[in-house]
Structure formats: C-alpha cells, structure tokens
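Each of the next two complexes has subunit A plus one more chain, namely subunit B in the first and subunit C in the second.
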Partner chain A sequence: MDELIFFVNRGLIGGLVIGSIYALGAVGVTLIFGILRFAHFAHGDVMTAAAFATLVLVGLLSGLGIDVGLPLAIVLLPVVFVLTALFTIGLDRAFYKPLRARGARPVVLVMASIGVTLMLQGLIRIVFGTGNYDLLGGERKVIYRIPTGFRDIVLSQPQALLIILTALSVICLHLFLTRSRLGKAMRAVSDNPDLARVTGISLDTVVNATWVIGGGLAAIAGVMLALDVNLQPDLAYNILLPIFAATILGGIGQPYGAVAGGYVVGFSETLAVFNWSVLLRPFAGVLPFDLPANLSVVPNEYRLAVPFVILIIVLIYRPTGIFKGRVF
Partner chain B sequence: MSLISLTDVHAGYGGMNILNGVEFSLDAGQIGVIVGPNGAGKSTMLKSMFGFLNVTQGRIEFDGHDITNVKPEALSRLGMAFVPQEHNVFRTLSVQENLEMGAYVRRDDWSGLLARVYDIFPPLKEKRNQPAGELSGGQRQMVAVGRALMIEPKLILLDEPTAGLSPMYMSQIFDRILAINATGVTVAMVEQNAKQALGIAHKGYVLASGRNRYTDTGEALLADPEVAKSFLGG
Partner chain C sequence: MAGLSADSRHHEQRGFGRDVALFSALFALILLVAFVQGSPYALRMTVEAFAYALIAIGLNIQWGYAGLFNVGIMGLILAGSFASLFVSFPVNAAFWASDAAPQLGMAFLWLILAVVIVGLISQSWRVGVPKGLSTALTIISGAIAFMVIQSVFDAPTTAVERQAGWIGGLGLHPLVGWAAAGLVAGLISWVIGKICLGLRADYLAIATLGIAQIIKTFLRNADWLTRGTLTVSPLPWPVPTPLDVGFLWGRSYYLALSAALLLVVYLLIQRAYHAPWGRMMRAIRDNEAAAASMGKNVNGRRLEIFVLGGALMGIGGALLVHFNQLFDPAGFVDLNHTFLVWVMVILGGAGNNRGAIFGAVFVYIVWVMSEPAATALFRLASDLGRDWFDWVPPADLQSRALQMRVFVIGLTITLVLRFAPHGVLPERIARG
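Here is the complex of A and B:
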C-alpha cells in the first residue's frame, strides 16, 4: 500500500501538476494559432515575465503586512493576470500587428516571436540577473498531508491551487467560448476569417480577447510554476517544447485538445521518469529476475525527450492531433 | 434613386484590373442577375460591391453612402449582406451559432428574426445544434443565406447560390430567393443557371471580359436571340 501511495504522490500528483502547467500554456498557444495563424514562441517567456512581475509586486507589498492566509503571490494573481494580458496586447501592438498590417506571412510572425523571446530573456536577465528567486518571499510553503492509514498523500498548497485554478480556467473558457457573443466570434474567426469579416466581426476585438485569455492563462501557469519550483530567468523557456507538443497533440486551434494534450504530455513525462521498481518491490519474491534499484523508462535528466518523442510520433502518424486540428 | 449603383468601376486584386469600367444599378425591391461566361468578372463584380477588391476608378454607392473601397467588415452595419459561393458557413459552429454570428453587429433582440429564418428554412430548425460542416450542400446554402438574413439586410448579394446543388435543391433555393425578395429585400446575384435566374430577374446584366455586354430586363434578355445564342447556350 505504501508503494501505491508513493505512486500517487510521485506519479499522479506530479503528472497533474506539470500537466496543468502545460495545459494552461497550450491553451494560449493554440488560441493564438487559431486566430492569428502563427506559433507564438514567446509564450514561455510571457509566463516567466508574469512570475517576475509577481516577484516585484510581492517585494513592494510584503512590508504592508497583508495576511489572508495565502501567499502574497497567489493573492496578487488577479492583478498579474490583468497586467500580463495588457502586456501581451502591448507586445502585439508593438511587434505583431505592424507585420500583420503589411500582410506578412505567418513564418515572419514566428520569427518575430522568436525575436521577442530573446528580447524578453535579455531584459529579465538585465534586471534580475541569472540567479534563483523564491516567490514566497521567505515564507514557508504550506504542505497538505492527507492521512490514508498508510503513508500520507503529500501535496503542497501551490500544487493544490494550481490543479483547482486550471480546472476553473477550463470551465470558464468553455463557458466563454460556447455561451458568450465574443467567444463565439473567436471560434468563428478561427474557423473562417474571411466569412467573419463578412458578418462584421471586428478582428481587433477578437485579437485582443485572444491575448487576454492567452496572456492571462500564461500568467497563472508562470506564477504557479515559479511557486512549485524556483523562479529563474529560463523558468518557462525550458517547457516551451512540451507546451508545443501538447498543442500539436491536442490539434492546432483546439482549446479542449490543448488541455487534453497538456495532461497527456504531463503524465507521459512523469510516468516515464517514475521509478517503477518501487511498485514492483512487493512482488520481488515472485519475480523471475532481480529487481534493479531504479527502473524508469527514461532517466530524469532526459525527461524533455518524452514530449519530443510524442511530438515526432504525432507529426508522423496523426498530424491533425487528437481533436482534428489544422495541418500546415 | 437606386439602392446600389456602380458607375464606371475599374477594379482588381492589386495587380491587373479585372473589371474595366462596369455599370450596375438596382432599385430597392428588385432582383438583379449577373450572367456571363467564365472569367467575365461576374463574381468579381459582386465582390467589388462588398469591398473585397481595390477599386482604382469609378464609384460605388449604396443607400446614399459612397462605399467605394469601404472594407467588408463595415458594410453589414449599413444593411448589406454577402453570401460567398464557397466556404460560406462556419463549419465548426452549430447551425444556430452560424445564424447568431449573422446577427453579430446587432445589439437589439433578434430572437423573432431567428424564428423567421427557421420558418423560411425548416430543415435548419431540426439541425440547429449540429455543426454546419456536417450538413449537405443544399442545407449549408440555407445556413449561409439564413445567416445573411439575420441583419435584415436591405440588399443581399448572392454568389452562385445554386452552384453544385441538385435540381431539387436548386428550385427550392430559387423559391426562397423569390420569397425573401417579396419581403422587400433587394437581391443581386451571380448565376450559372442563367435561364432560370433571368426568369426571376427584374434586371439582367450580361458581362464579358470585365465589361457590360447587354443590360435589360430579365425577360427581354431571355427573348433576345443574340444573347441566347452567345450566352445562354441557344
């Protein structure tokens, strides 16, 4: 039983946590792809920027003695959500919109977003250096222990909140896309931009809504990731590959696909590096071979290879992804 | 005064002009039909009315407004609707959502209008929650026309509304166009099925090489042996 709880702690919760981060990132990438027709490579650094913005705000406000029982970084999340949404709209105005207005091809926009990535990384390093930061501002991370009669199920407060916030975000996004006038207009533009023009849908409004959702969800992912691990300048750049793998696996332009893809990639990665010999240990006596100390599919240092393999397999065998997205 | 008029319009997609000085006008309540051989500029003329082309010379007026080179997204607010020939529904949106998108620019209560569109096209009511991409060609055409009706347009532009449809659907669509026109909506359409279309036209335009060749009432064009010989297949 202890072994099973160990699996729940490492495998299930680990997969849920990283899957949630990927899902939040991939939803933004897939929406931007659907509406603006380009792969937004700077999405990871938008996450990192949001986490650093939180760091600054926490630093400014920690002296005020606000105490509501939650870390300040989480209390500030709505503020950072809005700031990041405005920031991405600003990025669009400054770098992507002028290119669209000149009729640039999508690949030009992809290149521009790589430029934005390098720029953001440079700016963050100029201001904050290359070190590690703690978003909790010195407070101790709250750890929940759920007794089971055997080993405890262990879950940190940011992890629990991340899972809840992701679920809430997906529900809100679903309601927005299927119930609201603007949400339906977003799906219409993603489906057929020329016909959307004919019906009088304002592309500017839809584009801004896309950045608000994409940027806002990236902010949640960035802050929660920084709370789970440590805040450093390449926080989210490192997870850009799994996010793109999740996007393509889910089907480009398909928000529900992106969520599913995020969790599939997250769980595959976590289960691939999971030490399966722990689960097999109770059966050590009946197994026909000696149980090695570490039995994982992929060593932990190579976990990034898992989304890479998924990405390649999807591109070869099912380029439309799970939910039948676009193929380019 | 005419509801829509094109005066000496020269237009293209940025390169060479496809329309070389065309004239077109319809009074409110009329049906105008544009026919002509392939490459004559029929669809191009319709698209130029809806702001998809770059007009280099001439003038387009609609309902007292100069709409020369006005962008498509602004025209639905003026009461002009366009049904493209292809890709004219949002495939992943449900039938009802397609119709709602037609009413996107309206801020008033249009639920009565939705019911009326379902009355005009009964099959759509049954399939209102189905994605439009799963419908048959004829039903998709109904969605497209229904979507255009949701702004209660003064003028509706139809680009080959019966292209690729079976004869049964074809006459159904023509019937509906007559019914829509009977409610006071002006109709401008391009048609391959020239004889049938000219039969319901108040005004007919025969185009060739981006210019007007014959302009008359639909009836007179059908009776003209010249037109019949060169453009209507005898």
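Here is the complex of A and C:
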C-alpha cells in the first residue's frame, strides 16, 4: 500500500500539478492562436515576467505585516493578473498590432513574438541576474498531509491552490465564453473573423479580451509554478514546448481542448519518468524476471522528449487535435 | 536570362552599386578590426563569420525562397558538427579492442530491427488493417520498441564508458566529416520536414524548436558517444593547424578554404535561384494555391529546399566547430546558434543571398564586438551609479552585461520586422 501512496504522491499529484500549469498556459496560447492566428512564443516569458513582478510586489509589501493566512504572493495574484493582462495588451500594441495592420503573414508575427521573448529574457536577466529566488520571502511552504493509514498523501499549499485555481479558471472561462456577449464574440471571431466583422463585432475589443484572458492565466500559471519550484529567469521558457504540445493536442482555438491537452501532456510526462519498479516491488517474488532498480519509460533527462513525441504523433496522425481545431 | 527587360536591367545595376558599397564597407570594417585587434583575431572572426554565412544561406533559402520557419538551427548545427567529429576524430583504439564494440554493434542491429518492425506496422493500413487500429498499433509498438532499445543499449554503453571512455571517431579526413555533417543535418531536416511541411507554418517552428532541444539533450547525456560534459578536443583541421605553421598561416589557410566553400555554395545557390527551379520556389512561396493548381508539387519542393538548407546549416556548423577545435554540446545555445542567424538573415534581406552573407558577416562582427562593449558600458554605468548615488552594483555584473545582448537581439528582430521588413539588401525580383 505504501507503494501505491508513493505513486499517488509522485505520479498523480505531480501530473495534476504540472498538468494544471500546462492547461493554464495552453488556454492562453490556444485563444491567441485561434483569434490572432499565430503561435505566441513569448507566452512562457510572460509567465516568468508575472512571477518576477510578484517578487517585486512581495518585496515591497512584505514590510506591511499583512497576514491573512496565505502567502503574500497568492494574495497579490489578482493584482498581478491585472498587471500582466495590461502588460500583454501593451506588448500587442507595441509589437504585434503594427504588423497585423500591415497585413503581415502570421509567420512574421511568430517571429516577432520570438523577438519579444528574447527581449523579456534579456530584461529579466539584466535586472535580476541568473540566480534563484524564493517567492515565499523565506517562509516555509505549508504542507498538507492526508493520513491514509499507511504513508501520508502529501500536498503543498501552492499545489492545492493551483489545482483549485485552475478548476475555478476553467469554470469562469466556460461561463464567460458561453454566457457573455464578449465571450460569444470571441468564439465568433475565432471561427470566422470576416463574418464576425460583418456582424459588427469590434475586433479591437475581442483582441484585448484575448490578451486579458491569455495574459492573466499566464500570470496565474507563472506565479504558481514559481511557488511550486524556484523562481529563476528561464522558469517558463522550458515549458513552452509542452504548452504548445498541449495546445495542438487539444486543437487550435479550443479552450477545453487546451485544458484536456494540458493534463494529458502533464500526466504523460510525469508517468513516463515515474519509476515503475516501485509499484512492482511488492510483486518481486512472483515476477518471472529480476526487477531493475529503475524502470521508467524515459530517463528524467529526457523529460522534454515526452511532449515532443506527443506533438509529433498528433501532427502525423491527427493535426486537428482531439477537439478538432483548425489547420490552415 | 535572355528576356531581361531594360527596366529590370537598370534595376539590377542600381542594386549592384548598393551591393558594392555595402560589401566595401564590410571589408573596411574587417580591416579596421585587424588594425585594432591584430590580424590573428581578425582572421578568426572572419572565418567564424564565413561559417555563419553558410548557415545563413541555409536559412535564407528555407525562409527567403520558400517561407519555411525553422527555429531549430542550433540542433542542425549541433548534429552536423557531431557527425563531422565522429567521422574525422582519430580512432579510439581502446574502444575497438574492447568487447564493448561488438556488444554495441549488436545493440545497433536491434535498433535497426526495431525501426523496421515499427515502420512495417505503421504501413499496415496499406494491406487492409483499419486506419485507426494501425495508428494505435504503431504508437504502442513504438513505445515498446523504445523501451526495448533503451534496455538493449544500457549495458553496451556503460561498458564503453567503463572500458574505453567513449567510442572515438573514424579517423577519416575532415572534409569527409563536413560532407557527413551535411548528410546528417539533411537527414534530420528530411524527417522533420516530412512530418510538418504539409501543415501550417507555426507547426514547423514548434517542432524544430523541440527537435533542437532533444538533439542537444541527447548529445549532452550520451557520454559514450560524445564524452558529454568532458568535451572533445582537438578536432582535426583539413588544412595545416596553427601548431604546425603558426596562427597567422594556419588561420589564413582555413579562411581560404571556408571562403572557397562559401563562394562555391553561393554560386550554385544563385544559379538555382535564377533557374526554373528557383522561380518555382518563389511561385510556391508567394502563392501556394496558384502554384499547386499549375501542377507543382508544393510539399515535395518544400521538402527539397528544407533538406538543402538543413544540410548547409550542418556543414556551416561543422566548419565553425572544427575551427574552434572544441566540441561541447552544452556550448550550443539557441541565442548564438539560432536567433543570431535569424537576425543575420532578416537584417541582410531575406531572399537575397548576398544579403544573407552581408548580414552574417556584419552581424557577427557586431556580435563579437558587443561583448567587450557591453561590459564596458555596464562598468561605466555602475561606476557612475556608485559615485553619484552610492549604488552597490551586483557581483555578477559581467554576466548581466552579456544579457544585454539577448535583449538587443530581440529588439533588433522586432524593429527590423516592423520598420525594414526587407532588410538592407532586399530580394531583387528576377524577371525573365
């Protein structure tokens, strides 16, 4: 039984946590992909930037002695959400909108977003160096232990909050996209921009809403990721590939697909590097072969290969993704 | 070019004057560097710039001719230079004498067998197996094959590491190595292109970004193959090395060789550009649907050019790494080996090979010079800050100063895209 709990702790909770991060990132990427028609490569660094903004705010406010039982970084999340949303709208105005206005091909926008990525990376490293930071300001993480009669199920506070926040965000997003006028307009633009414009939908409003949602969710993902692991300048650049894999797996322009894709990629990654011999150890006596010490599908160094392989399989066999997104 | 009209000839001539002016300025810049920093330094810089120029031509034909978006240049450079290293590095006798060699050979036979089996299963839909079942079987058999291969390779590779360190090279001539570099990089491009080229352009970008990271991870961790973090040096030169003939002559020989290679590649590519093949490529780039309706095999032609560009990147990478004589997989980063090349091509002028060469050499000189410049700038700023505001500069100021270059590369990309989308030497549409 201990082994099973170990599997829950490592495999399931690990997959759920990283899957939530990917899901939050992928929803933004898929909306931008669907409405603005380009792969936003700067999404990972928007996440990192949001986490560093939180770091600065925590540093400024930590002297005030606010105590609500939650880490300051989480209390500040709504502020960072708004700031990041404004920041991404600013990025759009400065770098993407002029190109769109000129009628540049989508691939030129992809390149511009790579330029933006490099600028953000450079700026963050100039200001903060390349070291590690702790968003909790030196406080210890609160750890929840759920007794099971065997080993405890262990879940840290940021992890629990991340899972709850992701669920909340997905519900809010669903209500927004299906109930509100703006949400319906966004879906209309995603489906057919020309037709949407003819029916009098303001493209600017839709674009801004896209950046607010995309940037805001990226902010949540970035801060929660930084709370879960350490905050460092290349925090989120490395999770760009899994996020794209999740987006394409879910189908471009499909927010629910992106959520599903995020969890599929997150779980596959975690389960692929999980050492399965731990689970088989109780049966060591009855197995016909000797149990190797490490029986994982992929060694931990090759973690990144898992989303890549998923991406390749999707591109070969089902380029529209699970939820039938667009390919053009 | 029989039907060249007077108008376009005039256009060509005017463009020609601009080329001459820009390249003269570039030559003067190199002379200036030679004057300030000394000839060996300038020679080194020029050789590296020429290697980058080859890579930039590779990207230019992918992006400028065919509109293919490749951000995995680093992976192709790395794979190419490793292939060249493997072919040309002296033989490691300890490996071939050890019993790890036949074991490794067996493991490779297993690998070939696994690839053949999975390949056959993936084609099973041709003989009547339902498409969905065939797909599922392929994925499952692929996963099983991967795990089997992993365990089959485990013992031989540890044996190699224990008994001989690593497998060493084949000891062939470096020029054979460069050819191998082109071959391997081309092969990798073929696989990526085969998967992604029929889909939208963004997918190619995402896939190439991923493959570059995976090639790097593999070569970094496969100690038996590349010595991993221990790095390999010295790589052989196809010309006499500085150890034999001195810095100046050794580097001059290498420069002459790379200049000759660059010239040959340029002339061939230029000829292809003006040939019907090049015209077809541009037709596909500018209006895919029209080209397809004229019966052109759009994806086939794209695959051709993607492989050709990839091969050039591999060869350029081999040139670069052989010159520095050190192979360290960790030393390859997206910034230096992917995005720098992009800046070269879009600044120089996508679609124009002279633009790519100019962009490569010019940007590389600026890049090399920017390192001391950024450090000096930051030191000055921190000195002023300390004197005027009692500001304590952080200890890692040097490394932060170098991050300035990341920012500048990004800024250059966005500014060029917005304000000079055609670069300094724009593509000249050949009529005729």
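The criterion applied here is as follows: the second predicted complex is superposed on the first by the 328 of 328 C-alpha atoms of A that agree within 3 Å, B and C clash if a C-alpha of one lies under 4 Å from a C-alpha of the other, contacts with A are read in each partner's own complex, and residues count from 1 in each chain.
Operating definition for what follows: contacts are C-beta pairs under 8 Å (C-beta built on N, C-alpha and C of every residue); 3 or more make two chains touch, one makes a residue touch a chain.
Note that this is a predicted model, so its numbers are computed, not measured.
Asker: Is the arrangement of subunit B and subunit C around the shared subunit A a clash or a fit after superposition?
Answerer: Here the two partners, once superposed via subunit A, fit next to each other without clashing.
Asker: Identify the partner contact of A:Asp290: answer first if only subunit B is touched, second if only subunit C is, both if each is, neither if none is.
Answerer: neither
Asker: On the A-aligned overlay, A:Gln121 touches which partner chain: subunit B = first, subunit C = second, or both, or neither?
Answerer: Touch partner of A:Gln121: subunit C, not subunit B.
Asker: Comparing subunit C with subunit B, which touches more residues belonging to subunit A?
Answerer: Comparing touch counts on subunit A for subunit B and subunit C gives C.
Asker: Using C-alpha centres in the superposed arrangement, which angle lies between subunit B and subunit C as seen from subunit A, in steps of 10 degrees?
Answerer: Once the two structures are overlaid, it is 90 degrees.
Asker: Pick one for A:Ile312: touches subunit B only (first), subunit C only (second), both, or neither.
Answerer: In the superposed model, A:Ile312 contacts subunit C only, not subunit B.
Asker: Go through the superposed model and pick first if A:Leu195 touches only subunit B, second if only subunit C, both, or neither.
Answerer: first
Asker: Going by the contact rule set out at the top, does A:Met111 touch subunit B (first), subunit C (second), both, or neither?
Answerer: Touch status of A:Met111: second partner only.
Asker: If you stack the two complexes on chain A, which partner ends up touching A:Phe244: first (subunit B), second (subunit C), both, or neither?
Answerer: A:Phe244 sits against subunit C, while subunit B stays out of touch.
Asker: Considering the aligned complexes, could you tell me the closest Cα pair distance between subunit B and subunit C in angstrom?
Answerer: Nearest C-alpha pair, subunit B versus subunit C: 16 Å apart.
Asker: So in the complex, the part of subunit C that touches subunit A is made up of which residues?
Answerer: 67, 69, 71, 135, 139, 143, 146-147, 151, 195-196, 199-203, 205-207, 209-211, 213-214, 217-218, 220-221, 335, 339, 342, 346, 394, 396, 399-400, 403-414, 417-418, 421
Asker: What does subunit B use to touch subunit A in their complex?
Answerer: The contact residues of subunit B facing subunit A are 50, 71-77, 81-82, 84, 87-93, 97, 100-102, 104-105, 147, 151.
Asker: Which residues of subunit A touch subunit C in their complex?
Answerer: It is residues 33, 38-39, 41, 95, 98-99, 102, 104-108, 110-112, 114-123, 125-126, 129-131, 240-241, 244-245, 248, 292, 297, 299, 301-302, 304-305, 307-308, 311-313, 315-317, 319, 327-328 of subunit A that touch subunit C.
Asker: In the complex of these two chains, what residues of subunit A are touching subunit B?
Answerer: 181, 184-185, 187-188, 190-192, 194-203
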